[in-house]
Each structure stands twice: as structure tokens, then as C-alpha cells.
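Have a look at this one.
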Amino acid sequence: MLRIALFGCGRIGRMHAGYVRAHPRAQLAWVFDVHRPAAEAVAAETGARVAETVEEALADPSVGAVLIASSTDTHVDLLTRSARAGKAVFCEKPIDLDIRKVDACWEAVRDLGVPIQIGFNRRFDPSFASLARRARAGEIGEVRQVIITSRDPDVPSDEYMKVAGGLLRDMTIHDFDMARFLLPEEPVAVFAVASALVDERVRRLGEHDTATVVLATASGKQAVITNYRRAVYGYDQRIEVVGEKGMLRAENRHPTTVEAWTAERTRARDPVLPFFVERYREAYAAELDAFVRAVLDGEPVPVTFEDGRAALRLADAAYESLATGRLVRLA
Amino acid sequence: MLRIALFGCGRIGRMHAGYVRAHPRAQLAWVFDVHRPAAEAVAAETGARVAETVEEALADPSVGAVLIASSTDTHVDLLTRSARAGKAVFCEKPIDLDIRKVDACWEAVRDLGVPIQIGFNRRFDPSFASLARRARAGEIGEVRQVIITSRDPDVPSDEYMKVAGGLLRDMTIHDFDMARFLLPEEPVAVFAVASALVDERVRRLGEHDTATVVLATASGKQAVITNYRRAVYGYDQRIEVVGEKGMLRAENRHPTTVEAWTAERTRARDPVLPFFVERYREAYAAELDAFVRAVLDGEPVPVTFEDGRAALRLADAAYESLATGRLVRLA
Amino acid sequence: MLRIALFGCGRIGRMHAGYVRAHPRAQLAWVFDVHRPAAEAVAAETGARVAETVEEALADPSVGAVLIASSTDTHVDLLTRSARAGKAVFCEKPIDLDIRKVDACWEAVRDLGVPIQIGFNRRFDPSFASLARRARAGEIGEVRQVIITSRDPDVPSDEYMKVAGGLLRDMTIHDFDMARFLLPEEPVAVFAVASALVDERVRRLGEHDTATVVLATASGKQAVITNYRRAVYGYDQRIEVVGEKGMLRAENRHPTTVEAWTAERTRARDPVLPFFVERYREAYAAELDAFVRAVLDGEPVPVTFEDGRAALRLADAAYESLATGRLVRLA
Amino acid sequence: MLRIALFGCGRIGRMHAGYVRAHPRAQLAWVFDVHRPAAEAVAAETGARVAETVEEALADPSVGAVLIASSTDTHVDLLTRSARAGKAVFCEKPIDLDIRKVDACWEAVRDLGVPIQIGFNRRFDPSFASLARRARAGEIGEVRQVIITSRDPDVPSDEYMKVAGGLLRDMTIHDFDMARFLLPEEPVAVFAVASALVDERVRRLGEHDTATVVLATASGKQAVITNYRRAVYGYDQRIEVVGEKGMLRAENRHPTTVEAWTAERTRARDPVLPFFVERYREAYAAELDAFVRAVLDGEPVPVTFEDGRAALRLADAAYESLATGRLVRLA
């Protein structure tokens, strides 16, 4: 049984708490939040104890792992302290918005020998995971192009956008990770265009809501990411991989298989699952399970600190491309 | 070049005239209709001559074939006279509504040695034809069940219904032929239920608009036909065949492949092709081509007089089943 | 919290035990099986106690409900004793294979005032449930035809077939319930054909593997069920409902949304979920949840004893139809 | 009736001749090819006369239009001479590979007042045309992103590649036109990456087979084109347009609607239409019809000389982007 301390009891933290509760080999031991009522709410749902301080939870020798779901600016500090306390760490993405802080963190924790997993949940989506497995097993031979469609149902609040680090570090970062997950080689060059088309709020914040990003590997394999932040038909998450022997693609998911054929609509499906909480339900459960197995069974961590860092570097390079209009090569 | 005389220049006759015009090896020589302006209209579109009488067209030795698209009650007479004149005959379905007349006709023409083809156009639909070919080629092994969905967009006019011979002889007859086309053995037993649910007009005429028919072969293979006469979403024509090694099914056809994803509808297609004229366009052209090849090249007639008779017998048996509530066995 | 005693710890009982374990408001208190090691295995997985006898579990006043998943021939006895002990009862389908025993059981329990739910799990499948809800909400107006496709991946063992009561009482019974669930009126007439086509074993047992059943209501609405017992492509479970304003249909479910496009296959999906345990996972959880709410919250039982009886009556009538070749009218 | 002279009787010319033959308002008057037997073959199929020289055909006052389907390097000369002879011109794409020649040609012909149409056939594909019409009619509000998938089934011959002007001028040029057709504003900036991954022959010729191109408009709308030259599953032609109120997408086309469900493949369709001759059959007929209507009825030319030039400019800019790694802005 893996006893876990949860740091951060907001929307995402509470969601993770639910998956821990449902996992047969995990148990929520402590919860902490700077806003104590949030921690108390999760404690009430799960039977966990509310920690007065992070230290209190880290001091408990029965705690084997920490799950960091607090605000991004606290990740590096909590991750470092948890790792130094000898705890395995699951940290939500992104590690930080500043690559230098990420690098410093890595210096501090890399030799501590604790498993560290970053929360790129989409790798665990049954469809995307199956597509990746099949591609790796050679079903379509060498992979040459990856096309990722990633559209949010709506623009976030101004408050969210102000601290999220920009579209490419907040939203596209998942797609950077997915491109790395699916390309047969590391991308070494990035190009991006982005604009604010869907809401005046986005423009006022100097932010983007519509973006196209191209990645290239040394041998010329390519990935394309298209992002959009107001898909009125719902959370649009699709992947297509083209290779030597064919194509694999994963389509959107609908709650049911029902089709309507009426005078007004033909063969219409029910709306796609609305947003990440619903769409990636199985993925969140599976990423937790992979973490539990990494800690308890010594299996390899499926999404490493380096993976978290690499996605951030691609986001930084994409911003450089936006600024310069150039294909930016990673050193 | 096959010179053809067309008898009957109503909606269906005019449609056939268009396919003859477009066929590289066929030519419309004569047209005849009891309502002369109808014949003149087709003549104007095709360059055919208007015949004063059926005899005038049949007397033309350059005419190799007759296409009968007149009202059902004239089929047997025209078919017999045409065959006796040594012309190949393409006759629209049904041959007649009275099996005894059909049998008498057969006695009169069977030994004349002219090709006679009945207009069961659906066998020539690219999807249904492909499904049948693949099933016969063994892709799903022995065929055990055939499921035919056949729904009209709307109830016909009272005038039409009064002379059409009833739902099972008019509409289901196509499905009886399709069942025979796809079953590996002749059906030997028929069961039917039918009701009038969609329009008071249907009930007043003692007619049906909603029917389910089951066919069984001697070894126990089964076919099911479901009919409905007001599919508000369009002409619904689908087939499914289940066998030893799997299932083949042919879905509806849409004019384009466009899907709409909006707040109101998800993955919605454009409406299906509205009715038989559009849905079976390729089928009508292909059945004519098969007829031309049968006459000019001596290829086998793909839908024979006996096929026309067999479908009518199934319709008669289905009416007997309706009346008796029994599975009716064909002698 | 609803404390439940489970009678029958075979495959189905064990499966139900898992759903009880996962339910936040239910707890497995006792397990019993005539084969004690089976009960012990489930007890080990769930923390339930092994009852020496049925009485021991029924005597526990903290037990609020009994879940009967034992062999069919024990259902009536266990159901009656449990209801007399004042326990709410969830009983797997069928109640019994003999309608007289079912009727006697009903006489014994109907006035005891305990909730009794029968295990027609398919009503709770998210797609079928959604289809039913939408049909009832009037999306397609009055329902006129229901088409149910229900194919098993393979023929069961001889041992299973010998005690299962025949295809129509064992497999089709689910479809009878579904037809009743979806038709706007009770079916009053039944017709069936059935044969043994897929395996010599089936024929030797005098059993069937391929069946077509037609149901009709008093006003002429129709349902068609097609059954087949060796769908080599997997468990095929589909429903189509046609009405005044259109059609709703629920397609098969696949584990992922991945499509393969290769030289060998075009747009191919992964295989459907293999059998009922996988296909109806959400349905089993939802039917348990409905039962818990019926017992704890006084909500109406969604599948009643009468529903269980009605499906059996339809099966009996279908067998009479098979024997007589007649449309059998229910008294 | 529009009498047409066809210049160029190779594969494409012969194909166009067939569409002229089938058009009710067009007639093939003359055919010319530097390789006379090619012209004679088309003449034999169509009843056209073989012209000894281009002049002979242009001198015929009954000829209303010229269809240029000869090798690309002859287009500008033939187009200019035909326009000077007062003939309407349909010219296959590209006008030329050299933008300066295209500009000089335009100077020579722009004031002659003859209709000139360029052969971007894909605008006339029923699905793409419908998608464009619906997008313009506002079904998805303002268009923000266009995603074009365009994959050839295989790499062309070395001979073809040597004269075709490179992937971006030969294959992508269709997609540049499509992007312009679908974007609500002219693209003003282009970025491209391309590589040779699928065949050593491609690399040896300094050519590309795998490309990703991004276009941007002044206000930030984006188009993405992905090209690949060995889609072993067939000619892959899809379009997706995302806008304010949703998404429209056009999928690939299959010859039939048949699906196979077997132990080896689930829900598999038949292969897509193999290449442009089959896939764009309706499109070729419709573009000819639009040309006939432009000439005979004075309707606007749907694909202008300027459209042909604009696509070439985008290709040139894309090559500049390839060379510089920059987003290239059009003057």
C-alpha cells in the first residue's frame, strides 16, 4: 500500500484525491493546502488527515509518495523538499514556467534516487496509449508525420491566463509531450504562429488562442500541432500518425454510441466529452496506477522529470519562433 | 449498338430514357405512351421517334430490345407481344400483381428464346453488389442471416397506393428479391406482420406502412425485412449479412463526406440521398448496362423472369401470413 | 450504507461482488456458495464473511439486501426466503425457467413490501439507457419499430446449454426485456424461427444458435430480434428505434477510438468489447447503484419482478411459436 | 454548344476529352498533340478532328474554347496564342513553373477579354465544394483555421519529378489553392519544412516527399498543409475548417459503404478511391461544366488566372522558407 501526501487541494488536487481513493494499492494519508478549508474538504471525502504544514506530512515515515497539485509557482520548491525527504514524487505539469528553475531543481534532485513522475496524463488515454503502442510495435512501420489536434472548449478566465505562462506553456505543453511521445526521434527544431482571434480578453492580455506549431527531427520527421481555444462543439482531442505502412488515428470520444437520424440532423452523435476531467478520466487513473507501480514495484517511471523539462524547452523555443518568425533549432 | 423502344414515358420511363441516352452502346429508337405528350417530351430529350402504336415500334426490325416502364397492369401484355416480336425485353418490376397472369405470361414467352430482364435495380447498387460479391466469394463463410432495412421517405399518394398492389407487392418486393439474392438457398417459408401507423390515409385504404417480414430457408437460414413508409430523415436502405466468418454491412449513402461539429450537432452528416432516383443512380445505369451486354454479347441475364416471379410469390405468401398469422410454406 | 449478502459466488456472483465493493454506499456483508471455496475466494477479495448457511446471513439484522447470483434453479427459493426475511432482493435473470414457479413465487412475495429487482443489466448500458431516455423524451416522436441485434461471440459449453433453458429463455430473454423497455406498449403477440447452424454440438442438444423473433403490440408496433451465437468478430449488441420523427441507433463499443489505415485494412477499428463482462461494465455498476437507491432512498425499482416474469412469458410464447409456426398471442 | 480544341492528348488530356464528350453542351472539335498517335487515339474515341498544327485548330471560327492539357512548359505559349485568337481558355495547373513567365503571360492576355480558367479541380469536388459553400454561408461563423491533408499513394517516376517543379509546385500547389479557397483572407506569410523520407530516389533527385506548410493571413488566420507521397492505404484527401461556431470536415471517399466485421478486421471499409482520376471524377466533370457556363452563359470564371498565379507565388515563397528557415512574407 502506498501512502500518499497530497499538496494542493484545488480542482486538480481534489480530482487526483478521488483517483487515489479508488486505487486498491494507494491511500491518501495527508492533505495540505494553503487554503485550509480546501484541504478539509478533501480530507472529509477521503479520510486523509489535514497537515498543518508541508513538513508535518513529509515527516511521516509511513508516507511513501507526494502528489503535487498546487499552483505552478510552488512546484519546484515542493518537489525539491519532497524528494529530499526521500519521498517519491508525482508532480503536475508544468514543473515550472522558468527553464532555469527547472534546471536548478533537477540539479538538486537528480541524484536523490527517488522516482519522480510528471503529470502528462494524455499518454495514458486508452486511445492515445494504444495508438502509441501499436505505432511502436511497427504496425505502420517507421513514423514520419504526427498530426495533433488539441482544442479547448473555451478561453480560460483572465486570472488563469495571467499566471499560466501563455498558451504554448500551458496548453500546447501537453501536445509537445505527445509529439515527443509519438515521434521516433527527438524534435530539434520548432516553428510557431499564434494569434488572438476568439475573444477580446485574450488580445488584451497579449495572449493567444489560435496556434499552429511545427516540430522537426534531425532526419526530417515532422509533427504539427493545431490549437484553438473556443471549440464550441467541445474538447477536441485527436491524433494522427503517418508512417511507412499506413496511418493510425485516434478520434474524439463520445459518452455513448447513439446516433440520431432526424429531419434536422443525420447520423449525429452526442457531444464529445466536455473537458479534460471527463475526457481523460481513464488516463488519470492509469497515470496514478503507473506511478504506484513505479514506487511499489520498481517499474520505470513512464513520464520523467526530463520529459517535463523537454516539453518546456519546446514551449520556450516556440515562443522564440513566434518572436523571430524563424524555425528555432534546439541546441 | 442496341436500338431500344421504350413503352411508358412517365417518371420511371423518362428516367430510364436518360440512362439509355448516356449508354455508349444503346440508343433510344422509339418511345410510346398512351398519353402522347409524355412520349413527345422524352422524344424531344433523346431524339427518339414517337410511335403511334406499340405495333409500329415492334415492327421496326432495327429495334433489338423493348424497355417496359408503363403501368403495371400493361406489363404482361407488352412483355408478351414484345417477346413474340423477337425483341429482348427489359420489364420494370413487378411483372404483374397476379401470379396467375405471371405464370400464363411465362408459358407464353419462356420458349421464345429472347432475353428477358426484370427491373430489380438494387442488385446493381455498387454497395449491395459489392457486398453480395464478397459474400459469395466466401469472405464471411456460409451466410446465415440477412437483415434488410428498407424505409421510404414518405407515404405515396392515394392514387399510387390504390393500384400498387399493397406494400408487400410494391415496396417489399424489392426486399424479397434482395433476400433471395443474398441468401445461400431459396426461402421456403414466410411470415409477416404489418400495420398502418403513420398516416390515416393508409389506414383508410386498408393499406400498411410498417411491416416486418421473416423468411426462412429449408436448412434454417433466415432473412428479416423491416419496412417503414415515413422515414423523415430520408430513404433508408441498408443491408447486413451475417455468416460463419463475420458480418458484412452496407450503410446509407450521403451526397458528400462532410461532417458538421457545432454546438447543435456533433459529427452530423448531410442527409442521405432522398429517394430511389438519386440513391440508385449508379444502379439504374448498371442494370441497363447488364441488359445491353446480355442482348449484344450473350452474357447471362442477371435478373430473370423467374426472379420476378419468385419475388411476387413471396409477396403473396407474406399476405397469406398476414391473414392467417402463420408461417406460410411455399409449395 | 447498504449491507448485502451475496448468494452464489460463481463467475457472475464474483463480478457483482466487485461492483458492491466499489460502490460508495454498499458493503458486502456475507457471501454464501454451496461450493465453499468459491465463497471464500470472494470473501478474501472483499472482506465479507463466509456464511455457513443462507439462514445465517438472512438472520443478520444489519443485512438490508440479498443479491442472488446462484444457479437459476435456486433463484425462486432464495428469493422467497430472502423476501420473507424482510430483505430487499436483487435477483439475476431469469427468475426461473418455469413460469408456474415464477407465478407461485410472485404470490408468495408480492405483498411482503420488499424491493425486488431483476438483473436485466442492459437497460443500464449508457448507450441503450440514453437511447431509451431520448426516445421517451420524444426526440423521435411515437416509436413504431424496434430492431435489436444480439449476437454472442460463441456457443456456450454443453454443460451450460443443458441447464440454461434454451436460447430463447437464456439469451433472447435479455432482448425480450429490451424490446419491452423500448416499445411504447406491451407486446401481445410473438413469432419465432430458430435453427442450429453454427455447431454440431448445438444440434445434438436440440438447441438453437440462430434465431429471429418478431413481437407485435396491439396497435401494430413491432420489434425484431436477431440472435446468433458465433459472431467471430465479437459480442455484437446494437439497437435501433424508428419513430414518427426519425431514428435513434446505438452502435457497438470498442475499447479505443483508434482507426488503422493500412494496405490490408481501411479505417478499421479495434475489436468490439469481447463479451458481457466487458461490454456491460458500466451497466452492471449502474444497475447496482439503482438497486442501492431503491433500497436506501425509496426510489422506484427500475426492473421489477413483473418485468422478469414478462420476459419469460415472451420466451415461452416464442417457443410455442417455434413449435406451431404461428404468431402466438399472449392472453 | 461549345466547340472545344484540346491541346495535349496524354493521360490528362484524354481524361478531359472524356468529360467533354459526356457534357451535353460541349463538343470536342479538334485535338492536337506533338505525338500524333496520341491525338488520333482521342479523335477516334470522340469524333474530333486531328489538327496538324495548333494554328489549324485556332483558325476554326466555330471553336469557342481551348483546353490546354499539354506539358507544363508549353502552357504559357498555348494559352497566349489561344487567347489572342479570341478563344476562351481552360488551362491545366500550373500555368508555368516560373512566376516571371506567368506574369509576362498575364500582361499579354489580361486585356483580351476572354475567359481563362485554371484547372484546380479540387474546388469542384462535391465534398470540398459543399464544405466551402457551407463555411461561406456562415455555418461555422468566421473561419480561423484550415487543416488540409493531402497524401499521394506513391512517389512518381523520376522522369515526372525531374520536370514537375518540385513537390511544392507540383503537389502542394493544389493545397495552396485550396487554402486560399477556404481562408477568409489571403495568406500573407508562408513557412515550410520538407524532407525525403520514403524513397532513396527522391533524395537522389534533391526532391521531397514529406512536407508541412503553414500559411498565415494578416489578421492571424492559419492554414496547415501536410503532404506525404507514399500513403500505402491510398490517396488521402481530407479537409477540416475550424471557425467561430464549429468545425466542418470532409473525409475520404470509398467506392462503397460496405463494412467488414471479421476476426481479422473490425468495421473495415473498402480502400479509398486510388488516385485523382477516380477520386476527382465528379470534380473534373463539374469544373468543365463551370467552364462551359462561363463561356456560354457569361457566368464568372470560378478559378481565374490570378488564382493560378497566387498558388505559384505561395509555392515559391514556401521554397524560400525551406531555404531560409524563416516565415516568408509575401510582398
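Each chain gets a letter, A, B, C and D, in the order it is written, and its residues are counted from 1.
Just so we're on the same page, a contact is a pair of C-beta atoms (placed from the backbone, for glycine too) under 8 Å apart; a residue touches a chain by one contact, two chains touch by 3 or more.
Predicted model, so just to flag it, every value in this text is computed and none were measured.
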Please state whether A-C or A-D has more C-beta contact pairs across its interface. A-D
Among all other chains, pick the one whose mean CA position is farthest from the mean CA position of chain C. D
Separation of chain C from chain D, taking each centre as the mean of its C-alpha atoms, in whole Å: 58
Distance between the CA centroids of chain A and chain D (whole Å) is 41
Mind pulling the chain D residues that touch 2 or more other chains? 231-233, 236, 245-247, 261-263, 270
Note: in the complex, chain C contacts chain D through residues 231-234, 236, 254, 261-272
Residue positions on chain C within touch of chain B in the complex are 142, 144-145, 147, 149, 151, 189, 191, 193-198, 210-212, 214, 216, 219-222, 224, 226, 228, 230-233, 236, 242, 244-247, 325-327
What residues on chain A touch chain C, complex-wise? 22, 126-127, 130-131, 134, 139-140, 245-253, 255-263, 270
